[in-house]
Amino acid sequence: MAGLAKVFGSGAMTNSIMEIENNDLLFVIGSNTTEAHPIIGLWMKKAVRKGAKLIVADPRKINLVKFSHLWLRQKPGTDVALLNGIAHVILKEGLEDKDFIHKWTEGFEEWKRSVEEYSPERVEGITGVPKDDIIKAARLYGTAEKAGIYYTMGITQHSHGTDNVFSIANLALLTGNLGKESAGVNPLRGQNNVQGSTDMGCISDSYPGYQKVMIPSVREKFEEEWGASLSDRPGLSTVEMTEAALEGRLKALYVMGENPVLSDPHMAHTVESLKSLELLVVQDIFLTETTELAHVVLPAASFAEKNGTFTNTERRVQRVRKAVNPPGDAREDLWIISAISERIGYTMGYDHPEEIFREIGRIWPALAGMDYRRLEPNGLQWPCPTKDHPGTPYLFRGGFPRGNGIFTSVEYKPSGETPDKEYPFLLTTGRILFRYHTGTMSARSKALQSVAPEAHVEINNEDAVKLGIKEGQKVKVKSRRGTISLKAKVTERSPKGVLFIPIHFNHASANTLTNDLLDPHSKTPEFKVCAVRIEV
Amino acid sequence: MEKILLRNIENPRSADIKEYIKNGGYKDLLLALKMQPGEIIEEVKRSGLRGRGGSGFPTGLKWEVALRDPKSPKYLICNADEGEPGTFKDRLIMEKNPHLLIEGMIIAGYAIKAEYGYIYLRGEYPYVKKILSRTIKEAYDKGYLGEDIMGRGVKFHIKLYQGAGAYICGEETALIESIEGKRGQPRIKPPFPASTGVWGMPSVVNNVETLSNIPYIIEIGATAYLKIGTPECPGPKLYCVSGHVKRPGVYELPMGTTLREIIYTHAGGVRDGKRLKAVIPGGISTPILPPQNIDCTMDFVNMPRYGSALGSGAIIVMDETVCLLKVCERALRFFAHESCGKCTPCRIGTKRMLETIQRILRGAERDEDIESLLELGSVMDAASFCPLGQTAPNLVISTINHFREEFESHIKEGRCPS
Amino acid sequence: MVKLRIDGIDIEALEGMAILEAARLKGIDIPALCYHPKLSPYGGCRLCIVEIKGMPRPVTACTTTVSEGMEVRTTSPYIERLRKTNLDLLLSDHPYDCMVCQKAGECDLQDLAYQYGIREPRFKGERRIYTKRDGNPFIERDMEKCILCGKCVRICDEVQGVSAIDFAYRGLKTKVCPPFERDLDCEFCGQCVMVCPTGSLVGKNWIGKGRARNVGEVNTTCPYCGVGCSLTLHIKDNKIIRVSSKEDSVVNEGMLCAKGRFGYDFVASPDRLKTPLIKRNGRFEPVSWDEALDYISKRLKEIKEKYGPDAIGGLSSARCTNEENYLFQKFMRAAVGTNNIDHCARH
Amino acid sequence: MKQQSEKNTIIESLIKKYKDEKGNVIPLLQDIQDAFGYIPEDAVDLISKRLEIPESKLYGVATFYAMYRHRPGGRHLIQLCTNVSCMIMGAEMLVNFLKNRYGLEEGGTTPDGRFSLMIMECIGGCDTAPSMLVNNDFYGNLTKEKIEEILEKYK
């Protein structure tokens, strides 16, 4: 969420889920909401029922299209061109919010010039979206009083993911859809506490609360709080750690509750790097593809066996409560971390998760006003600086925290690896309703397993006819990085020349094929686009 | 009385448009097109015309609500479902005098500023569909239907729509649901169709016979029309007579003619010299009448005073050979089969009443069976969602009241007195 | 606002509000089986009938909206008799399963039968018998217990937008089912199970796991996607036997998806890791916590001395709690001394 | 029965006829029944896909109306009324006659596939009770002999 953080200071939804109901225009781009965020999908359907207009931009005919008024079917990886094209039309038709731009933004003039050559005709050439639809989308978004933009991995998982996010932010700044209810720029975070793990500083360049590691005064504050000297050297991201291990710079890795073998791109690369480590410790609730390579596996407690908090995609911190005891000798993660820390000479004596929660509140003002009692019954949305503060449904009321909203000029750049003669198909990956992440939990639910037992590759019905592929036929999909074999699903859902494979299945993991090319800013791999070949 | 609705039907080519025009057909339409829609509605209101389908609701009022409603387009729907057992009058108009209906529809459409009309014809009249399709085509060819009727700048189209076997679709909102391609389940009222009907637009639903009165009202004016029938229920009425009479059929008589006169003077009285046992005056959802009550005047206002109702004017005459419990059993089998299933009292109540009657007929009855029938009847009448459930018990309950001994003899001696 | 009187109490209600809702605002509870605040009014069960001054026939409170000066009576001997007979009719077409029915103790029909003291239905007759079972893996659909309230049909159509089921056939034979009575094939969100007033729709893996007695409830947050729906875990003998959600929860208002509502049996899976494991010559051997922790800390200290703290990296989890993520990065930064921290966010 | 692909082309052409017409479901189902004698399951699947109407709703409509049939029937359809007016004029006897003479039960089809029988509620022929329809033709004042004579015409 580096892109959004740059413009607005954090990578969270600017508005809240309940406000979706009162949008009069919803622009959903790169989000299969009814499958990846089903309940947010319901709020969107409710808004449409109440008369809101819905634009869906997605290369595939996802279920949400059924409820939309306008479906933009852009080629994968061409989002910047589409978004700049929409901005272009808004400007040409004078639909921008002039006094919002004047009062709250900077860099407008320079950015305005950068979108001048994104005429509807040119954008149609790049994205494949008819120019009339681009104009219609611009008018819908430009004239709407309360317009919200919603996006997920379809926008961020590109080598130019940050640019995609910048161009979304530009649209919101252009039309003043920020700092007010039922509007905003709303990334739908994929996992139950991915917002929390970034808030808590599990990213190499930031301490908790996005406080930068590289700023000496910030580091000193944390050194004082934690009573330990802290490194001033920048840290490595996941994929960079893989490189470092292969180059012998990284010798040990401690993995808590993750399955990088399946969830990181270019699986062969990941396996090779983990094998080269001198120490791999994996703490999880099941054996996974990653524990296979570990030296030590530690049994952890599941969500139902511990107390604490999760933070959802709308910045709402909510309680997690222990309902059953962990099996056998499995222990809460807090106990395990403290025990290891104790043994290497750094004591972290906590008796209850709430003590940690209070400590977090001390060092990150946005959570200072929260405590476990105040989180009853429905949690609070940060920032919540004081004990009587009701929490913040939407950000930036009365302006941006760090000066003005910045327009960022963004040029359309094609994806890293695009189809060619040898690998003629474009592969995109993503989620499906009945599975979750790497399947650790969802694969072990009998009912979910029986309705989504195995991976499939969606292939456009015309392509299937050309290649003589029938529904359910086993096929091989090959990229420069590996090969998997799985059943074909012949459908109109995927556009011609594009294949789709869900990410959840270890027997045919999409990440065997994906490209580990990173977005330079966010360090996110380009999961959404790579070139593949299909063999019958 | 000089025929109005069944004028010239003896002529085998009466359905032909040339024949219809020769006898003054479509003149009233041209007359109406010279008037303002509001004027036509005033005339219909003054005429006192009431819904001939069975509701008896003042037609002019319904039109006025639709005309005043701001929403458009508006729709004029002809209810040709005619599902009430014992009723076959609309069939006769549509077979023998279809252009009278079309002319009536166009005038009604013009009066409420509707440009589209539907005829909802029941699925059980396939041969009538052929006739109506030809009639509509003739009207289009002669310029009485289309984008610009007779060059008067008035647009009106008629679409023929056939149901597929559902008595409930005689209820106007169930009919509208059916046109919209859904299960024929009645809608919550209000809103009424005149403000929110088909496709959510103002829609007037009128019966075939009701619409067939309109040209005549335009022709002779409300004042003259009021001279026919009774002051509260003016105009001609088509009475259908079936069952044990010498001459079953449709009789066009002034509204308010007595039941006795219809049965004996027009329908030739009870056949084979049998004794009259009972009469269902208005279709099987109306209470039964014993012989001593047949001096009632058959109109919307008087029949309730005799403990029954005009309904669709479908008179079923039964002589002494008929076992009334069997008649009640068959009627309840009808209502249980036709219940749309939406509301508890009707969905389950019709079946339980039927089972109770069948138990009595099988001689396996228990003493409290009559009590159960009365209790079921009261909950259905009071709590059913629509008139189907509310009127389904009428026949049984009235038979208990007027022919208690027939029930008793079945229960006590296990045999039928007839 | 509209002023009216219900059972002699003066009430102000919003224009267009149904009498049933206005009454409930004042704590006057009118029995209703087919009403749900999220759904369009239906008027099928006829239990919520009330008397209104000036109206000949009782009207259903769920479909009749309030109007100025209206006087409503929600109960009278006459109304109670009609309600009781209505209930009697429903029970006459309902299997007498309360002894073994999963919904016993939470069934609206059972509660009303208790309230009206109906031990035996007075009007006995033919009851719907359906032998074919629905083969879908999530929801047990016993249509004999269905009272045709239509809430499942409406929530699937109006709220979920899937329309997987609808009424079929007519009269007493009316049945809620997928097309051609095929097995249910939908998103298995379970919203239909949430609104079903009887035991007709229940989770397949709830059956036989326990009912009202000694079942604890723990409210928590869903472990799956980032929406953060509130879950209520139903616990018996240290096992999750069922998941539901409170309808007043802010983010999801009681609605869930297939993963949140039905995807919880991983917690009790036999595959759960139960002891620390150390790999010795290619095979994992169970060891005690002390042995594992000593091994890890010894190796970490060795690597830190030999190669420096930046040779060590940490991957936290987007599925762990805030507290765990905080402690993990504090461990890597304060205890180990490196900024090599990331988590598997899909960014 | 017709070939599957041939069957699909007929269904597709019928659907096209009603493609953009509002309120097209009931006439379309009627046309499908006229073409095949009943409403085949795959026809409903195709209508659902093409007109984007949930199939559950289509099935709800197809099973609500009594005159839609869901199984192939005989070449000719007899629809005999037994409602009150027809009943008191002897319709029950005619039902027994059809059973004994032609082996026709309610909702059944003769072994040779010539006739199917539907018992109707009221077909509006009360003045010539008892009455019946055979395919789309109306017959009144029925007796056993008259029925026999009429059915001869339907081979």
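Per-chain numbering from 1; labels A, B, C and D assigned in written order.
Definition applied: a contact is a pair of C-beta atoms (placed from the backbone, for glycine too) under 8 Å apart; a residue touches a chain by one contact, two chains touch by 3 or more.
In this text the structure is predicted, and so the values were computed from the model without any measurement.
Look at the CA centroids: the one farthest from the centroid of chain A belongs to B. A count of contacting C-beta pairs for A-C and for C-D identifies A-C as the more extensively joined pair.
With centres taken as mean CA coordinates, the chain nearest to the overall protein centre is C. Chain geometry summary: the mean Cα position of chain A and that of chain C are 28 Å apart. If each chain is reduced to the centroid of its CA atoms, chain A and chain B end up 64 Å from each other.
Inter-chain spacing, taken between the CA centroids of chain C and chain D, is 44 Å. Chain B and chain D have Cα centroids separated by 25 Å.
Taken residue by residue, chain C touches two or more other chains at 167, 169-170, whereas all remaining positions touch fewer. Each of the following residues of chain A touches two or more other chains: 66.
Residue positions 57, 60, 64, 66 of chain D each touch two or more of the other chains. Looking at which chains touch one another, you get A-C, B-C, B-D, C-D. Interface residues of chain D, counted against chain C in their complex, comprise 41, 44, 48, 54-60, 63-64, 66. Chain contact summary for the complex, chain D toward chain B: residues 22-27, 29-30, 53, 57, 60-61, 64-68, 79, 82-85, 87-89, 120-129, 133, 136-138.
Those residues of chain C whose C-beta lies close enough to touch chain A in the complex are 136-138, 158-161, 187-189, 204-205, 216, 218-230, 233, 235, 238-240, 249-252, 255-259, 262-269, 271-279, 284, 289, 292-297, 299-301, 303-304, 306-307, 309-347.
Considering their complex, residues 41-46, 49, 57-58, 63, 82, 85-86, 89-90, 92-93, 122-123, 125-126, 147-148, 150, 167, 169-174 of chain C touch chain B. The part of chain C that touches chain D in the complex is made up of residues 157, 162-170, 177-180.
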